[in-house]
Each structure stands twice: as structure tokens, then as C-alpha cells.
Amino acid sequence: MSIIADIPVSLIVLCSGLGLILIGLWGMLTQRNMIRMIVGFSLTDTGIHMVMVSIGYVTGGTAPIINDAVPMAEAASRIVDPVPSALVLTAIVIGLGVTAVMLSFAVRIYKARKTLMIDECTESKW
Amino acid sequence: MIKRLFIFMMLLLLALIFFKLASNYTENTQLSKLGQYYAEKGPQELGAPNLVTAVVVTYRGLDTLGEVTVLFISAAGVGLLLRRTRRKQDDEDLEQGDRAEETAGVHKPASEIVETATELLLPMVILFGIYVFLNGHLSPGGGFQGGAIIASGTMFLLLALPESHISRLLIATIESLSGFSYVVVGVLGVILAGGFLDNRIMDLGTYGSLFSAGAIPLIYVFVGLKVGFELSAVLDRFRKEDTGPL
Amino acid sequence: MTDIDWLSKAAYFSLTLLIVTFYGLLVTAFIYRLIAKVQGRIGIPYRQPFINILKNIFKRTAISHGVMFYLGPVFRLAGGIGTLAFIPVIYGSEMFSNFSMAGDLFLVIYFMFFGQLGMALGAGESGHPYSAIGIARGLSQMTAYEVPFVLAVIAIVIQYDTLSLTEIVAAQQGGWQNWTLFTNWLAVLAAMLAFLGMTGYSPFDIFLAPQEIPIGPPTEFHSAYLSMLQTNRALFGATKLILFMNLFFGGATGWIELMIKTLLIYLVAIIVGVAFPRFRVEQAIRFFFKIPTLIGIMAIVYAQMVFVS
Amino acid sequence: MVSTLINDVLLQPLGIYVIALGAGFLVPLFNRAHRGSAILVFLAALAAMVAISGINLIAIMNGAAPVDIETAGIAPPFSINLRFGLYEGGFVLAVNTAAILAALHLLPLLKQHASALLLYLILVMGINGMIMTRDLFNLFIFIEITSIATYALIGIERTGSVLAAGFKYIIATSIASSFFLLGTIFIYYQAGTLNIDDIIAHRHLVQGPVGFIACLFVLTSLLIELKPYPANGWGLDVYETAPSGIASLISVGVSAGVFFAVYKILPLMADYMNSIALIGGITFLVSNVIGLKQINVKRLLGYSSIGQMGLLTLALALLLQLDASSLLPLIVGGLFINHLLAKAGLFWLAGIINRSDIHDWSAIAQRPGLLFLLGTLIAALIGLPPFPGFWAKWQLVMLLADGGEYAWISLLLVGSLLEAAYLFRWFSHARAADENHANISVNFWQTTPVFIAALLLFGTGYGMSTVMHFNATYMFLPIVAGFVLLLIDGVHGRLKDLPMLVIVAAGGYWLTRDLEGINRLFSYLLIGGGLLVSIAAMYRNDARKGFYPLLAILLLSLATLLHSKTSLEFFFSWELMTLSSYLLVTLGREGVKPGLRYLLFSLGSAYFIFTGFAVHYAATGSIEIASLGASGDTMGLVFSLLAIGFVIKMGGFGVHVWLPDAYAESNDDFTAILSAVISKAGVFGLIIVAANLGVRSDIGLDPAYVLGWIGILTATFGALMAVFQEDIKRLVAYSSMGQLGYIVTGIALMSHLGWVSALYMTVNHFLFKGILFLSIAGIILRTNERLMYKMGGLIKNMPVTFVFTMIAIIAMSGVPPLTGFGGKWMLFNALMDKGWHWIAALAFFSSAVAFLYMFRLLQTVFLGQRKLEHRELREAPIILLVPQFVMIVAIMIISAYPKLLLDPLSVAIDPWLANTLVWNGAALQTHYGYWNAPMIMMVVGGVWMVPLILLLLMSLTFRIQKVEQFNIVYAAERPNRPEDTHFAYNFFAHYDRALGFLVRPRATAFWNTVVEWSHTLGSTLRVFYNGNGQTYALFILIYFVAMFLLNGGLGQ
């Protein structure tokens, strides 16, 4: 218990995020089905978001909202970094956009050739 | 198989890189330079208690405008990709079988429970979405979150009533106008205040009240509307790709 | 030099020309007789070549294949005369130095082509395929025997440090031991082997093919044309002998010396010609590119080692 | 308020975003209201973006401060800022210009879908953002905006293959941008800021393993977006399948944005500079090797695009490493603008023609306009003058030489040569008329963007020349003259010759009027001679489209060559000459393939010259030709490089394989120019080099001695090969090669006599080769035959041509008394003087061999049996005979009075080598011998008259009768047809049996092997592109890992 407790919480999130990235990449590289590859991408993306969030964590910090709970004077020492939170918000939306476009490609590819296998789409090469 | 092994090796090496990252990571004990500045100056400068919102809407407003743009173009892209194939113009890759499939409605109607729940919850979901983006500068939340909630309402609707009609015209008009208005507000920042996307074109108002923090709520309204309708449009596209104009 | 007395020069040269032509025809007869003796025949009388020429001049068949055909023998004879004109015939004699002040050894070597080229063109216009075949073979062989010859020439140019024929002869004066034959025998050997090809006797006579009439460039020429060619054959042959004599055998200070030396040089070709059967052209070419060329190369190496300080 | 709006927003760089986004958001609404209005808004927005970037860039160029756009009214680093400085402005303007042109090209496709319009607008805005933003995360957003818009536009046509390619593209780029994001957040973790300037200012904070990995991720992901080898299969697939307008925008626009992003973050990446250069270099070289195998046009352009981006990256890294960032605008900017315009133009052209296989491009063979565009764009891409790439490559190579980076120079030039090989092969296929392919119809408006791109290339090329302080006004004269003549290209063929002659004469006179010495001599020869031979061009009565403009360019570029004071001017003229002569060669009957070979060898030669100049520059810091001699220790190297270059151009032994075919297949009158005039440019170059370098005592003699051997081997083998030719033009072509060999040897002697002989032979070669090739032109015109054994007996029909040919041949052979003898005599003397005895022997041998082919030419063409179908042939046209006659007169005069020529030659050489010519009256004396030309003429004339008069006298007694054709010793019976009686085919069969083994085409076999090996290498290198998206993705991963390992990541 104590060993786990000693590990900073953000490091756990960070490592989970990095692990998620690897899992996602594994999926993208080995799964021949395009939908599964997209799932892999989503995993990677999520992993990155976790890493981003973990980076913004300040030991013992709280949400960066300056109101009664966190008075203005103490703000600088009590809140977590708002920047990564802002960034992750943007990153999520971008990931969403990419995923949407990927999915529509997958849909169209299936329409066009009745398969979702990536290794059956190799007519352009060399 | 060899290829798999190779992939595995590569990922192992990548894991090594990640390990180096993680093992050299130490948790921050104080805010970064940027964070420090935002924490100390943010509330006075912009009048928004939620610092994330201040960062998102003003300090990094250009990011947010870009983000809205990303969403806009992915919606447009999805629309472009999943547009209806014109019947007359023979698409080579489209085989006969598909056409039959397309024309026949393939969606099963939802169960009565879902339908009822939707009718009950939908207005509340949308209302909640609006609340979230209107209070973005005060509490956790904001335009994107609110928009996403609205879109989840749409999702509800589509699940419950697969055949329900969503007005493309309405969506298009709202997303175009709200996007354009966002740009206009940004430009007003140059003319009336310090720079592009400066939220201080309007009075900062009372700190912590709903109508405060300058143009932030206004921008969040546009963002919320835009995100909500765009996500709805994307969902609608995927629901049944070959319908509607365009 | 510019103020030469053209008239007397021309007169002296005409004299040289007459002597050399006469001598050339005599040698021709002598050679035919010699060959006949070797083959157990009686052979022709000494007057025969003169009679042949006179007879042909006055023959009346007169046809022409065209202007170039007509000019062929003219070129041929002019080539022979011109070559002689650029060679100093008798050492020490202003009278018989001809027009050698116009150019050096290099001029002589290149001018030797003049007659061949004109002849080739004349024969070509006749339209007779054998003419063309003969010329093609002759030219090919020429490129081959030129190689040892030129190597020898370069060797002696290195040796004497001059291209002037008069000076080359001058350098060989003062006794037989000063002849190139004895000072640079490798060069002489290479040149003499080349000489075999140059004279067109067996084994290098396929381009003329004297036995199998009618083959070779003169196939279509007869009557006066033929007489000019015959004259030139004697004249040009003698001229080449004089050139070789000047280059390798000490030149001549008088006509008697000249005749003896040239005859002896000629005999080399004849003896080889009597003794050996005929080469095909490609065999001849290969021959010249082997031993004679090697000897020529050695001659230059020798000259470079001995004569270049 | 409105004026504030206009002045502070719309006219500022910020206006680009405002307008793009505003228009983008509103396009769907406009579209619903009225489709046309949406298109109008779309185009207006693009035009406004061009205008804004243009206005602001001009302001900055006129000295205004760079514009820093701060958002949110708060100073950076706490808010995002954008910068519009000189570099940004240049890139933005270029990209926007390309974008609006691409939009015009794509409009038929785009206007079908309103979303396509808005995606396009936002794509362009995204690229602008990538260039201008100064915030790392904001950069990520713009990359993503650009990417997503690109994805969507790739899929606009929705065929199976383009969708598949698009999916691979998405997977690859999304992996890359994921890593970018990861790197960004860790940089923020360490630096505490996202502003790039701020990060750079605090770069000491970005350290340790975390900083190392973060930088690595950011850098590598950007590099991957630039499609480095081998992690670029996904890019190629898209280039191949996407609509050409989209592909063009990816190639020139998106890549430009990413490239600029790399530039921005480079200050952080000092540790990685070597890796960046290496990646750029390898990508450039390898893509061009693989390109050799490619026959799909768009994929070909893809390889070229990737290669060009590699080149840009390489240049950027090297420039920064060499601390030469002041040259960035010139080199990187020049290369970029060149790639942008040329590549985009080519993609559009590919889209218009719509033939994917390069073999099908013969469809445009009959369309001069399209060919002109294709040629212009390809020439620009290769970096030929006057286009921007030329200037940039020049500057880059000079800089690299200065930094001692010779390995990079070789790589650069080899890569460029390979690129030229496949791009011009494509052009060759387009040039090759083929009846099987129907003509295509092309919409005029569609070609407008391509045309504008070509014009802009000319314009920017001119602009860059002024930036480089290049005396542009007169150096551009050839091109201007070409354009002027192009305007009247529609006129009847013969009418165009006269204006061409007038323009070239006037221009040539103007350019060369102040020259002195050797240059003056060569100006008579090249310009005067060129004009003389060009008169003969009138003998043809067809339209000859393109012939006269190109000829004017060619001849005037010779004039500028002579006028050149600096190596830059020299190289400019040289390349212009190469290009125009190549195009002229391709105008010949079967000239396309030989033309390509000619071009490649010429370019190879040019690159040797280029490198030579670069080494000289590195040693002296000067590009003055006159300072060539000051190269110090590198003098031998400079001399060797330049000499190799010129020898290749002259068809030296071993590198002659281009020569026979190029000469044989050109237009017959152009062959005369090629052989008589153009080959002299090589002589000129060689003599200039020899004069400035070769004669100096401190250069080792060895390079000159080697050159002497090369020359004589060329002479020997040229002659030997000529002997065995059946084709009359090939025979004379090989003869040209051989004759030039003597000249090379003469120059290599580095002695006064040697040079006089070389120059004398040069003049002589001009005269007799001019006559010979013009005679041949007449013969071919009449007989329509090039194989000599199909001719024969033509003396009857063309006596004048025969006489001219004969005189030319005698002048060539060296038989006294005509001009050839003097050259041979002087050469031999000079060789003996120098002690080069073996070379002298070979010179003798080769001149003997030359007799074989010379006789063959006369015999088999003019003599022998005439063919029945040739009985009615007429003499060659008078216009062909006139220039020949002039040259005959010149030969005769020089033969009799060589002093007239030798004196000026000697004077021209005097500045470098002391005069050793001793005149004794009319006789020239040397150490060895003497040569009295007038006297020889007299004697020969005299002895020739003797037998002639004799024969004439005798013939008074003849009744000369002309005999019938077959009235020979066959006793007047026709043995068979003339074909069988004419001994001509395989004339020297016996010689072949004896010496033929010497002339088996070993050189050709060697070069064929080189070609084969390059192709094999290409196939080997491209095995990674197996079409599988996952393999492509894997390579991206490998790239990251490899970058990590190569830069010592394990030790961090």
C-alpha cells in the first residue's frame, strides 16, 4: 500500500497514458481491420490526453477556478496548471474530428470494395 | 509472423523511450510560468473565475478558433465523403447490391422505453447543455462541453426515432452564422480592444456573475451552438449516409 | 627562300624526274627478269616496260566513265611526281634538291596519299566493283604498314632531332657506320618490314592481285590512262626507294650510289616476295600489328634512351 | 470603424485568417442561396489572401518592420502571437498564389460541392497558420486543420484506390501528429511555455532525457510530414491517386507549411542538425533513384516532390550548419519557389492531360503549346537557367564548396542528374509523335494556371538574377530573342529564317563587339559561323515549329558564353546552350531518344564544370574566370574537373556514346550546326581553362598529359568506329568525334605551337564539317536515304555537291596542299617538341585510319553504280550550296596563305604563351622542320598540271565517248541490278575481321550497365512501398526509434 501511495498520482496517470499509447499503436500496426485500427488510434489519442493532463498536475493542486473555494491571493499556490487542461480540451476535439473523418473513409472504402482489410488495399505501390 | 515480431520489437524500443520519459518525470510542485501568470493575473485581466475558460477563450483564443474550425471542417469532410451518390452518375465502385440496401430502410425502430425516455429527457439534456456553456466562465464546463451535451441529446433522438428528420438547413445556417459571428467578435477585439479575440470588448461586469467576463459568455454561446449542431450533423451523417441534399 | 628561281628549279626538277622515271622503268624490267630467272623462265627484255608505255599511249580505245574517272590517273601521276618533288635526291647537290625547301619529311609522307586518293576516286567512278574492293583492301593494308613505318620515322626524328630530309641525310654522312641502318637498326628493321607492304609485292599484294586480271584499281583503265599509271608505278616506286635510302641508308651523293643503294633496298622486297605466298588482307593487317609494330616500339624506346639527353 | 476594420484587420496579415474563416463559415449559406455566389466568395477570399500577403510582403521588403500579430490584447508568451516577417511573407505569398492557381485548376471539381470549397479555403488558411504562428501548440492545431482538410479533399472523388490511399495517409499523419503533441507537452513541462521564441530563449531548460526525447518527437514528426525515405509510401500513394490539384497543393502547399515549421523549431534542434541533413540528403538521392523506375506520371511527380523536399531540408540544415543564414532567402527561398511553381504546374498539367502512363503522353506531341509548358516546368525543376532553381543551386553549391562539403555537392548533383533523367524521359515520351494516340482536346482556361506558373518561373528567375547582382540585361538576351521569334512561329518556315538571322546577327554583334583575344576569335567562329550555316536552314519548306526560336537562343547563348566574365555567367550560358541544343536535337526525325542521352551527358558535363567552378570559388572566393589561375593547391583539381566537363561535351573517348545518335538523328542542317559550331563551345571552354590553369607551371603536368591521351584515344577510336558505319550521318558523326580528339590533344600540349595547331584545326574542322554535313543534308533531301549502300553514283546528279565534299574531305584528311595538312604538321611538331612520342604515333595511325572512312564516303555515295531510282535526282538546292561555297573559298585561301589565319591565332594566345612561331618569309619554321604553304600549293598545282596537260594532249587523238552505266569489263552486259554491282555494304569487312574487336561497343555496354544498375537499385530501394498502410505506419515508428538510437538516445 505504502509503495503505491508514495508514487505521485500524476505519474500513475502518466504511465497509464503512455501504456495506452503503446496499446493503441499495437492495435494500429497489427489489426488489419480498419475499424480496429481506428479504435487503436482512439486509444493512442486518449493516452496522449492522459499524459497531457498528468503533466499539468501540481502536487496537491485543485481545479483552477478562482472563487470562494480558492481565493485569488492563494490561487498561484493552490491550483493545478490550467494550460494543459485547456490544451487537452482542444486536443480532444481534434481527435474527435480526425476519428470522424477516418470512420467516414472506412465507410466509403467498405462501400467501394466490400472489405475493411487494410492489406487488401495495396493497389498503389512502388 | 516475422513482421509481428518486428512490430513488437519496435514497440518495445518505443516503450524504452517512454520509460526514459516516465523515469525522469517528477511531479510539478509549482505552477509553470504560464500557469503562474494566469493564476495571478487572469481573474483581474479577463474577469473569468474559471481559469481554464480564460485560457481557452482568450489567452489561447486562436487555438479555440482553430478548434472550432477543425470541428467545422471535419463535419464538412464527413459530409463530403458520405454525400449521396447521384443515381444517374454511375459510380464505378458502387455495386448493384448496395443500391437496394440503401433504398430499403434498415433501421429497426427503438423500443418504447427508449422512445419515452427520450421524449422526457431530451429537453432537459438540451437545457443542461445550454446551462453548461452559459456558465463556462464560472464553473467547469464551457462551449465544447455544452455543445457535446446538446449533441448527445441528438444522439438520443436518433437512437429513439431513427427516422426522425433533422433539418440540414437549420444546422447549416446555425453553424455558419455562429462561426461567422465568432470571427466577427474576434475582429471586434482588434477594433474595440487590445487584439484579435480579446474578450474585453464588453464590460467585464461583476466578477463571478453570469453576465461578466466580457465577451466570454457570448463566444461560448456561439461555440456551444456550433459544436452542438456540428456534432449533431456528423451523427446524422453517419446514421444514414446517403440522404439529404448536397 | 621566297625568291627562288622557279624556272631553273623547274628545269632541274624535270631532269631529276626524267632520270628517276627512266631508272624506275629499268628497275622494273630488271625485277621481272629476276623473278623469271628464279621461276626458271627467260623473262622480258629490258625495253619491254618502255614499249608498254609507248604502246598504251598510242592506243586508240577512248572511253570515259566521267570527269573523275578521267582525273584519276592525273591525280595518281601528280602524286608520284609531287612526292619526288619534295625529296632531295642527291645529297649536297643544289641542282637535285628539288623543291625540298617547301616542306619536310612530314610533307612527303602525307603527300604520298595524294595520288592514292585521286586514283581511288577515279577508279571508283568507273563503277566496277573490283576497283572498289581493291582500294578498300589497299587502304586497309596501308593503315597497318603505316604503323611500323611511322614508329620508325619517329624513332629517327628523335635520333636526328629534325624532320628535314636534307638534315637527316647530312647526319648520316662520314662513313657507313653513321647510317641509320647501323645507328638505329631497330628502326630500319621496322621500316623495312613496312616497306614490304608499301611496295605491294607478295605476300602483301592482294589489293593489286596482279595475277588474277582483272582485279584492283586499274581494272577499268587502259590505253593512255594505263600508260600514266604504269609510268607512275615505276616513278613512285623509285621515289619511295629514294626516301628509304635517305632515311635509313645514308642518302646518296651521286646518281650511281643512288641506283646501287635503291636497287639493293628493292631486292629485299623482291626476295621476300618470291619466297612467300600471299596474305589475305586481314592476315596482313594482323601481321603488321604484331612483330613490326613491336620492333617499331622498341626502336622508339631505344631512341628515347640513347638520343634524348 | 470601417476604416479601422480595413486598415487594422483586413489589410493586415490577420486579415488572411479573418477572410478565410469568415468566407469559409459562410460558403454553405451562400451556396444554399445561390451556387454561383459561393464560388464567387470562394475565389474572392483566395484573391484577398494573395493580395494581403502580397501587400504586406512588399511593405516589409521596402523596409517596414515585420508584423507581429498579438491576439487577445495580451503580450506573448501569455497569448498566442503570429509573425509575418520577410521569410513568412515570402512563403505565405507563394503558397497563396499556388493555391489560387490550383483552385482555378480544380474549380470544375470543387464547385460541385460547397463543402469542398470551404475545405479548400480552410486548408489554405491552415498552411498560412503553420507558417505564421509562433506558438508550438497552435502550430499543432494548424497542422491538424491542414491535415483534416487535406484528408477530406483527398476523398473527394471516392474511388477505391484514392480512398485506400487516403486512409493510409490519415493513419500515417495521425501517428506523426500524435507524437508531435506528445513532444509539445513535454517541452511545455520543461520550459513552462509554449511560445516558440520563449522556448528558444529558455532552451537551457529543455534538457536531459526528457528534453531530448521531447525535441526528438517534435522534430521527427515534422520531418515525417515531409515524407522522408523510407517512411513515405503513404505520401506517394496519395500523390498517385488524388486529384492533381489536391496533389499539387499537398506537394507544394502543405509541405511548405511543414517545412517552415521545421525551420521555426530548428534553433532548438542543434543536436539533430546532422540527422536532418542526412535525412534530407538520403531522401533526395533515393527518391530520385527510385523515380527512374516510375512510369506513372503522378507517382513520378510524387517521387520528385519528395526528393525536392529532401533537398530543401538538406539545404536548410547545411546552411545553418555553415552559419550562412543570410543566404536562406536566396537558396532555400529560391529552391522553394522553384519547386512550388514547377511542381504545381506539372501536377496541373498531369491533371489536364489525364494520362497516367508516361508512354501515353505522346498524345501532346502535336501540341507545341503544351509541350512548351511541360518543357519549361521540367527545365525549371531540374534547375536549368533562367529559372530560380538555377540560381539557388549555384549559390548552394558555391557555399558547400566553401565549407568543404564536397560529399554533399556530389550527392546534390547526382540526385539532380537522376531527376533530370526521369523527368526528361517523360518529356521525351511527350515529344515522340505516335499515330496510335489520338490527339486530345484541352480547355484553354484549364491551362491558364499552368501558363501563369511558367510565366512566374521566368519572372522569379529574372528577379533572382538581379538579387545576385547578375548582369541580367544582356545575359537574358537569348531568351528574349527566343520569345520574340516564338511570336512569329506560326509563319511559313522559310520566312522565319531571315528574322532569326537578323536578330542573332544584331544580338551577337552587340554582345561580342568588345571582345578581345581568344574570345574574339571564337566569336567569329561561333556567331559568324553559326549564322553562315544557319542560312542553309532555309532549304526546308515545312513549318519547323520551334526550330528558329530555339536556334536563336542557342546561337545567342554562345554569344553570352563568349561574353562571360564570371563563372556564373559562363555556367548560365552553358546550361542555356545545353537546353536549347537538346530541344533542337529532339526536333529531328528520331531525335527524341538520342536527345535524352545527349541531354544527360551534357548535364553530367555541366555538373563537372559546375563543381570545378565551385572548387575554384572555395579556394579563391572569386567567381571571376580570370582568377581561375589563383586556385592555389586545388588548381589541379579545378583543371581536371573542368577539363572532364568539356571533354564530355566534346564526346571524349568513353563518354562519346551520346554523340553518334545525337548527330545522326538531328535535323540534317542542325547536325551541321551541332558539329561545326556547337562542338566548338567545348573547345572554347577547354582553351579558357587551359589558358587560365593548364599553362601555369605550378600545376602538375599530369592532368594535361592524361588529357593528351584522352584526346588521341578519342581520335583513334572515333576514326575506327567511323570506318564501320553504314549510315552516312553516323559516319561523319564519329569522324567529328575523332577530329575533336586531335584538338583536345593540341590543347593538352600546353605549348604555343600546340595551341596554334588546336585553334587552326578548330577553324578547319568548322569549315570541312560545315561543308560535309550540309552536303549530306542535300543528299538526304534528294535521296531520302541515309544508308550509304543505298546510294552510289550520285556524282552524275550532284556534281557540285561532290566537288565540295571532295574538297572538304581532302581538307580533313591532311593531304597537302589543303588546310588539313597544316594542322597535322603543327600538331606533330608540337608533340615531338614535347616529347609525347607515343601520342604522335597514335595520331599518325588514326589519321591513316581516317582515310578509310573518307574514301568510303566518297566512293559509296558519289561513285560506283547509280541506283535506277536515282537517275532523275537534281543537284542540292542552291541555298545549301551557298554556305558551302563560302567555306570552300575560305579553305582555299587558308590553304595557300595560312599565315593569314595563324597570325591572329598566335596573337590571341600570346598573353599566355610566348610566341614560338618563326616565319621565314612564307615558311613556318619549327625546331624540327619547316612548312612553306604557298610554295607547296604552287608545286602541287604545277605537278598536277603536268599529267593533266599530257592527258589532254593525248586525248586530242581520242574520240572520247561516254560509256553506259554497265559498260564495264563485264563486257557491257548488265550483271544484275546496280545494288549488286555497287560494292558498298560492309565495305571494310576485312578490316572488321582484323581490328573490329577494338570497336565493339564497350562504352555503350558500360553505360547501359550503369543504367541497368541504377534501375535495379531503384527497384531494390522501393521494396518498402508494398502498398500496405500498416507497413507504412511501421516505418514511421521505426523512424522515431532510429532517430532516438542514432542520436545516442540510449546514453541520455
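Note that the chains take the letters A, B, C and D in the order they are written out, and that residue 1 is the start of every chain.
Quick note on the criterion: a contact is a pair of C-beta atoms (placed from the backbone, for glycine too) under 8 Å apart; a residue touches a chain by one contact, two chains touch by 3 or more.
Bear in mind the structure is a predicted one, so any value in this text is a computation, not a measurement.
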Problem - Intersection of contact partners for subunit A and subunit D - result: B
Handout entry: Chain pair with more C-beta contacts, C-D versus A-B
Key = C-D
Exercise for the section: Report, in whole Å, the distance between the mean C-alpha point of subunit A and the mean C-alpha point of subunit B. Expected result: 16
Exercise for the section: State, to the nearest whole Å, the distance from the C-alpha centre of subunit A to the C-alpha centre of subunit C. Expected result: 100
Completion exercise
Rounded to the nearest Å, the gap separating the Cα centres of subunit C and subunit D is 54
Completion exercise
Per the C-alpha means, the centres of subunit B and subunit C lie apart by a whole-Å value of 105
Handout entry: subunit A, residues touching no fewer than two other chains
Key = 21, 25, 29-30, 55, 83, 87, 90, 94, 97-98, 101, 104-105, 108, 112-113
Exercise for the section: Two or more other chains in contact with one residue: find those residues in subunit B. Expected result: 7, 11, 14, 21, 25, 28, 32, 34-35, 38, 60, 63, 66-67, 70, 73-74, 77-78, 81, 93
Problem - Chain pairs that touch, as defined at the top of this document - result: A-B, A-D, B-D, C-D
Completion exercise
Counting only contacts in the complex, subunit D reaches subunit C at residues 793, 795-796, 799, 802, 806, 810, 813-816, 821, 824-825, 828-829, 832, 835, 837-838, 840-841, 844-845, 848-849, 851-852, 855-856, 858-860, 862-866, 920-923, 927-932, 935-936, 938-940, 942-944, 946-948, 950-951, 954-955, 957-963, 965-969, 981-984, 987-988, 990-991, 993-995
Problem - Residues of subunit D touching subunit A in the complex - result: 137, 141, 144, 147-148, 151-152, 155, 158-161, 163-168, 170-171, 174-175, 178, 181-182, 185-186, 188-189, 194, 233, 236-237, 240-241, 293-294, 299, 1022, 1025-1030, 1033-1034, 1037
Exercise for the section: Could you please specify the touching residues of subunit C with respect to subunit D in the complex? Expected result: 1-2, 4, 6, 10, 57-58, 60, 62-68, 70-71, 73-78, 81-82, 85-86, 99, 101-107, 110-111, 113-114, 117, 120-121, 124-130, 132-133, 135-137, 139-140, 142-144, 146-147, 150-151, 154, 157-158, 161-164, 214, 219-220, 224-225, 228, 280-282, 285-286, 289, 296, 300, 304, 308
Handout entry: Footprint of subunit D on subunit B - complex, ascending
Key = 3, 6-7, 10-11, 13-14, 17, 20-21, 24-25, 28, 32-35, 37-38, 41, 45, 58-63, 65-67, 69-70, 72-74, 76-81, 83, 91-93, 169, 172-173, 175-177, 179-180, 183-184, 186-187, 189-191, 193-200, 246
Fill in the blank from the handout: Seen from subunit A, its contact residues with subunit D in the complex are 21, 25, 28-30, 32, 34, 37, 41, 44-45, 48, 51-52, 55, 83-84, 87, 90-91, 94, 97-98, 101-102, 104-106, 108-109, 112-113, 118-119, 121-126
